[in-house]
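Please go over the structures that come below.
Below are two complexes that have subunit A in common, paired first with subunit B and then with subunit C.
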Partner chain A sequence: MKPFFFISAVISACVSVCIVLFMIILGLPLFREGLFFSMLTSPWNPSNGVFGLYPMIIGTLGISSLALVFGFPLSLGTAALISGLAPKPLAAVLRKTVQAMTGIPTVVYGFIGVFLLVPLIRNLAGEGSGMCILSSALLLSVLISPTMILTFSDTFDQVPVKTRMAATALGATPVQTFLWVVLPASKKGLVTGLILGMGRAMGDTLIALMISGNAIAVPDSLFSPARTLTAHIALVIASDFDSPEFKTLFACGLVLYGFTALSTLAVRAIDTVFRSES
Partner chain B sequence: MSRRWIERGFTVFAFAAAGILMAVTMVLTGYLVMKGWNSLGLELVFGTTRPMDALCLRRPVLDGLFPAVAGTFALVALSVSIALPLGIGTGIFMSEFASGALKRMFSLFYDILAGSPSIVVGLFGFSISIFLHRYVSGQLYPCLLISALSLAFLVLPYLIRSTQTALENLPPEVRLTALALGASPVQNLFYVLIPRSLPGILSGVVLSIGRCAEDTAVIMLTGVAASAGLPRSVFGNYEALPFHIYTVSSQYMDSAELATGYGASILLFGVTSSLFLFSFIIKNIATARTAVSGPGL
Partner chain C sequence: MSRMEKIRIDDLSFAYGKRTILNRVEARFMENTITAITGPSGQGKSSFLMVLNRLWETIPGAHVTGRVNIRFDGEFRDIHHRSMPLTRLRRTVGMVFQTPNPLPMSVAGNVAFPLKLAGTGKRKNTEERVEKALSRVHLWDEVKDRLKDDARKLSGGQQQRLCMARALVFEPEILLLDEPASSLDAKAAAGIEDLMLELKNTCTLIVVSHSMDQVRRTADRVLTLESGELHGCESS
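Moving on to the complex of A and B:
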């Protein structure tokens, strides 16, 4: 039986490797012409034959960092309530609700965003279509919060009960225990949660595609539309196989794969560093 | 600022954060349910065709979600049946046989796969279809089979991890008893370890079904189409619920079509939430069982 299990493990590992190999092979013309790295920093200007990904990279980074800016405080506060600040029944309800939130499909978030959030933002901005980086960052922050909350509260819960009880025995209130004992011991989990949240935000396609406006330009305000790498892939795939736009797809894929592989490595590195410290 | 004020401020901040998040979630889901409630019903799925006629494929459904529901169903069935043996087999290997550098390397690969955005996995599926089109048969295009394969890759890491964790969390008594009584390692695996960790494995399977049903990015790149009708073969196009929601939001013609979008969103939301709840219940059974089988068993 062992060979069967071994072969499935090898196939599964191959899938992971093949994803990056296929993209490199299909993007090979770009590497051969030495275009890949210049693409990362040049603008998108098809009439001059320049197909740079710079606007999409900025769009992706802008929208997902903004989503983190909104999502991090929400997640930290909620996770603090779940792991210690709130009375037990409330904490249980909160945790269940957050777990259930992970089950909401992205496309449903996007759909509600188009008809509820976008008109609100349009009125707020007083101009434009309301499809902008602010709309998609706000919605993304709701999407990524459960990931961060669950990571944060798992880390908070890992602080030994003895330590917490010692603090309580010395007369610390729950909030004092949390702020001065639990939080300083949870740096690793906070960083891990942030990286996971960032990865989730960068990797999401549907919210950006549906409500960020998809204009190829470097956004200059919260209310300007932008296109992310993920949305770019989804939008260009419909075009002609031999067009130069088409080759940029694999560059987009590689950049995204690179970002996410790096964050996976970072999470693992943090894990090892902190484990060797303790 | 004194510590007391920081402490007070933080309490207020935590309650405000949770309050905002809960309120936003309520508003989002509440809005969806309010807007879409009226469109729910048999007509949403079957349109003006009689449900029995549609289910027996006697008559096509032209104005309902039936083709999309059928497509999603076929897609989930196909991708889970591809991913299941592979994922569980790998999970068993990782927990029972792998060790040292090999285990670390494989688990790094699976972690990277788990972190890959679904659009990247979709792009991979799309590249496979280009490859097949060029080198195997000019008749092959993105289709149901390619979508199912890509979705299988997407959920593979979840299956691996849930199987591995379920097996690794078995208490040592359970692990050793049958061996001590003279069972071979393979017998121990099939008669003791796998049955004992079944709830954990199953909850991972159920979560993967949910992932397959809701994912949109993968299928947009690998063969879903807006009005393909019922899936006829694994080499053809098909419709799917999440893609229907996306197309309605971007190009609805009238309020009736928009209503199907709300209806489809509630339907998909309902399906993923019930799968989620189901997996949660199975997982609770699993933990309860492990708790019972403490020392003394």
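Moving on to the complex of A and C:
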């Protein structure tokens, strides 16, 4: 078994190195002309020959952080219910439901978003199409929650029964036990779950594509449409190849890759910090 | 000397699922006494203690029938009655588990935890009470410089005494000790025996013990739990 895992690890490491190399090589002209870094901060203005990614970077960061803002409390609450606060049968049903949710294809969420959420938000905003940052962040928060819920509840479950019993015997209510014993002991898992959630949110393409409106402009309110890096890649690939627009894709890929690498590093760093702490 | 009854147990049965642990037990416990409970392991001594603070309710499949009455402020109350606040019960009936179970927080945090629960966390006062509780279990000198350390870094014997201090910080009226000397060396065990005798002035103690010497030195009465029955004799 061990050699098998070793080989898999080597292969996946190679693949990921190849992907970076591939993107760097294909994006090389951008680097050579010093374009890459100016792209990160300039607007998208094709008629003047400016193909900046700034709006998409803001779109990606905005939508995914907002999705976390909605998804984190939702996930924390649900995980708390699953791991001790809800009566056993309800907890079991919740857990099964959340596990099932991880298997639902994203496009289903997209449809629900287009037909239910978007009209709702349109009415709420009283203007625009309803395809905006808020809609896609709300929907994304539902999409990323199962990942966070399962990570959180795994961490909560690691607090030993005898520890919970100690708190209970001292007169702690289940909620007090959760808030003052389980939660502080789960810091690491909470951060890991958050980062995994952020990763899923940034990596998602379909939801962003279907309901965030795709306008290439820096959004100025929750009801503004926006385009994410992933949606940008999908849209450009679908419409042309070998144009200046097309070349920006490699930059998009590199930026996304950078975000992913950062979150992986963050998980590692947290791991080390918390290990040295306990 | 006429002592008052503190705990009355009538027709008490306890089971894990279909497996009966206690079978229609009758017992009385007097105020300011130490009752030792002995018996082969796996007979339900720890489970019996968990009936008295209703901790068994957290165990899936466990169930209890019968009556347990405890005297609060001069009046007997059925601990299973709806009107009995669990928090009050568990604050009155302190418990120290068989294996030390420090909470995942600092040494001081562990001892102060019951105060925090009760919302009586006035800072100065808390520090005083933590020190007092730790001193009573002869742990203060060993940990006074590491109050902020994680409690799980203490040795087994220190953890045991820490858990005892934690149970004492609220001055319980009844104290349940499950094999309190099992992870202690001889010196610390002797310290705990002294403490038990001292606590007798304010507490009703029920102590599960395998050490016949300890029982002889401390207990007013010995009960044996076997085959679901609790029987015994008065001593000294």
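We take it that the second predicted complex is superposed on the first by the 264 of 278 C-alpha atoms of A that agree within 3 Å, B and C clash if a C-alpha of one lies under 4 Å from a C-alpha of the other, contacts with A are read in each partner's own complex, and residues count from 1 in each chain.
We adopt the following convention: a residue touches a chain if its C-beta (ideal position, glycine included) is under 8 Å from a C-beta of that chain, and two chains touch if they have at least 3 such contacts.
Note that this is a predicted model, so its numbers are computed, not measured.
Peer 1: Subunit A superposed: clash or fit between subunit B and subunit C?
Peer 2: Once both complexes are aligned on subunit A, subunit B and subunit C fit side by side.
Peer 1: First (subunit B), second (subunit C), both or neither: which does A:Ser16 touch?
Peer 2: Once the two structures are laid over each other on A, A:Ser16 reaches subunit B alone.
Peer 1: If you stack the two complexes on chain A, which partner ends up touching A:Lys88: first (subunit B), second (subunit C), both, or neither?
Peer 2: second
Peer 1: Would you check which partner chain A:Phe5 touches, where first means subunit B only, second means subunit C only, and both and neither mean what they say?
Peer 2: first
Peer 1: Identify the partner contact of A:Ala185: answer first if only subunit B is touched, second if only subunit C is, both if each is, neither if none is.
Peer 2: Once the two structures are laid over each other on A, A:Ala185 reaches subunit C alone.
Peer 1: Mind working out whether A:Lys162 is in touch with subunit B, subunit C, both or neither, as first, second, both or neither?
Peer 2: second
Peer 1: Based on the superposed arrangement, let me know which partner A:Leu170 touches: subunit B (first), subunit C (second), both, or neither?
Peer 2: So A:Leu170 only meets subunit C here.
Peer 1: Considering only the touch criterion stated at the top, classify A:Met202 as touching first (subunit B), second (subunit C), both, or neither.
Peer 2: In the superposition, A:Met202 touches subunit B alone.
Peer 1: On the superposed three-chain arrangement, identify whether subunit B or subunit C touches more subunit A residues.
Peer 2: Result: the larger residue contact count on subunit A belongs to B.
Peer 1: I want to verify one number: the closest Cα approach of subunit B to subunit C after the superposition, in Å.
Peer 2: It comes out at 6 Å between the closest C-alpha atoms.
Peer 1: Same subunit A residues contacting subunit B and subunit C, which ones?
Peer 2: Looking at subunit A, the two contact sets intersect at 173, 176.
Peer 1: Provide the residue numbers of subunit A that touch subunit B in the complex, in ascending order.
Peer 2: 1-2, 4-9, 11-13, 15-19, 22-23, 26, 73-78, 80-81, 85-86, 94, 97, 99-112, 114-116, 142, 145, 173, 175-176, 178-179, 199, 202-206, 209-210, 230, 233-234, 237, 241, 249-250, 253, 256-257, 260-261, 263-264, 268
Peer 1: Per the contact definition, I'd like the list of subunit B residues that touch subunit A in the complex.
Peer 2: 6-7, 10-11, 13-18, 20-22, 24-25, 27-29, 31-32, 35, 85-87, 89-90, 92-94, 96-98, 105-106, 108-124, 126-128, 130-131, 153, 156, 160, 186, 189, 210, 214, 216-217, 220-221, 242, 245-246, 248-250, 261-262, 265, 268-269, 272-273, 275-277, 280
Peer 1: Of all residues in subunit A, which touch subunit C in the complex?
Peer 2: Result: residues 88, 159-160, 162-173, 176, 180-181, 184-185, 278 of subunit A touch subunit C.
Peer 1: Over in the complex, which subunit C residues touch subunit A? Could you list them?
Peer 2: Per the stated touch rule, the residues are 53, 55, 58, 60, 86-88, 90-91, 95, 97, 99, 101-105, 113-114, 116-118, 150, 152, 163, 166-167.
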